[in-house]
């Protein structure tokens, strides 16, 4: 049983359709600080994800799976869920489906409400974002999903726009902030872009020196903090080593919690004595 | 008699309703460089505002007044206006009313056109901004108000978006620039956010050293200049000490005036000799 | 025969109308890296443009021509085209027409499809941009034009917004990035703003020292690169000396071409062995 369905939203004509049937969603609210992708056709990586502390684990049928492995991914995920493999995990388990337009997705039937996480990853989707959210909100009153979050699919968006992104992402600031604003206007979570920078790292193994790629954690931290300041509540993750940094960045800082508690106390005090702040 | 009504604009369903009756607005154009808030229930501060040189003084019934002091504020402002207290002031005197949604506002009747200044302070309001302006423009053809300005309510907006704002406000650049653009498209003034930073300052009084909070004027100046460069024509002010800085920043610089006059002269000259610039 | 028509797009009510009749457009795709303006009433400059290597040359009837020279410009361009003067040039030759609203444009009749390049240069046009593109797309199914590109008319836009632009253009980032996004959503090219900075330069002529104005090429290069990173595919040019810098900036860098070719090869390889990237 997955907790959420993730689907890319294109133009207004995109219809939602998913291939996994008869699930019942049991939780509606999830914190989604670190959203980790796992290829849906890779049993070893799915097993490993069980031991990871990501808030949301995405069993991917889309970009993370080669075209000729899509069927394998669907069968694997189906079996994985039917066998209740995720039942001991505290993470949210989500399925990312393929677009209806390329006929790779199937149909969802007979299930109760499931969380819907929407990918925004093209110029057209950013342009139509308010319409998409309005339409999904309407559909959700009768359809078996509940809109939960928007995901900023920045790399596909950059390709769609012809953008060459710099480290601070100034080139896509318009789209990144529009997404947060529309998300909040529709009471949705906003999940920020993937940090894709890795650094070469020499690791010594018994057979000699090997060069590994490890996540650029300093760059990741800065990008997390910038996103959190803009109002994003979580971030996509493609390497387990990114999870702790991301989770920390999307926790409210102790000073902020203290400040908020102080503010509430002061407000109540001022109300009592009839003087505004 | 107030010169303007200030009201927060939410979703498209927000209706405009104000509680002060039977006023006649006499002036339609106001320069609104420094827009100062004064709690509507505080007679001492209202009196002090009479001697201040703010372009626009806001007698506040909203955030500046505690819930249990709203009625006091309404009565005070009503009396204050009926007694003609503002008649010697060169400032614009405005009333900021509460939202219709929380039933704290009253009804306006029988008055001639009054300036309407609209607060934009939520994700939903920024999203719907063009629709709000279009609707208000339509309504104003029959209703007793004239749309005059949009106010960027940045702190409530930050709360609505979950934004932690840095000094230069990069996190809300999308909303801040969208507001200017929509304002100018509808021939409205755009009034920039409040600068809320204060600095601790040791002031020596006869009984010993006291720590006061004074406005951070350097930070204020920078924020003013950034807003003015974006096309804002004024700024909200919460401390009399902020007024001179704000007024200066929203005056065209002498060099700009000179340049503009030179441009006009050159244009006329070129037109005369049949050569474009 | 011009290859394109350039027209300023205002509010939704702007109608498109051009004055030059009976042309047949032969090419539909043009690279438009450097888009050079030439006053339509200046035969000397039109002649000079024949020898320049700009991607697109704009025979201007609009801002570049004084009000009392409009008719002269129209006659000159008409004759210029009828005489086939541009037939040996490899550039695209385009005509920039005046707005319908000020009754300076004429009517286009009996021609086959011609490329339409749209100027976006007011708050209202940026606000209505998606509607404008949608409407033009609809009209183009029956009307004799094919929407080809949007031009960011930044200086008129700054005047419309009351913006004082700094070197990096932060003040108009919202509009500049919205334009790219809408362009790409409608499969249009996006042509960036003019770089208007010039530097005083002492040039020694036989009669002594003369001060010339030459383009600030360093500033130009930076602005080109920033625009290219945002997804712009070309830039407006007002001085022949700006052409090489602009053309270079809007070419994909060798490293990018190499990277793209490598990506394609790797993708094909991964598809072959059934593993995604």
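The chains carry the letters A, B and C, assigned in the order they are written, with residues numbered from 1 in each.
Assume a residue touches a chain if its C-beta (ideal position, glycine included) is under 8 Å from a C-beta of that chain, and two chains touch if they have at least 3 such contacts.
Here is each chain with its UniProt name: A, B, C = HpcH/HpaI aldolase/citrate lyase domain-containing protein.
Source: prediction; values computed, not measured.
Undergrad: Count the smallest number of chain-to-chain hops linking chain A with chain C, moving only between touching chains.
TA: 1
Undergrad: Can you check whether chain B and chain C touch via the same residue numbers (shared by over half) or via different ones?
TA: Shared-number fraction below one half, so different.
Undergrad: Take the average of all CA coordinates in chain B, do the same for chain C, and state the distance between these two points in whole angstrom.
TA: Inter-chain centre distance comes to 39 Å.
Undergrad: At least two other chains touched by the same residue of chain A: list those residues.
TA: Counting only residues that touch two or more other chains, chain A contributes 173-174.
Undergrad: Which of the residues in chain A come into contact with chain B in the complex?
TA: Residue list for chain A touching chain B: 130, 173-174, 177-178, 180-182, 184-185, 228-231, 233, 256, 270-271, 274-276.
Undergrad: Residues of chain C touching chain B in their complex?
TA: Chain C reaches chain B through residues 39, 63-69, 122-124, 126-127, 160-166, 170-175.
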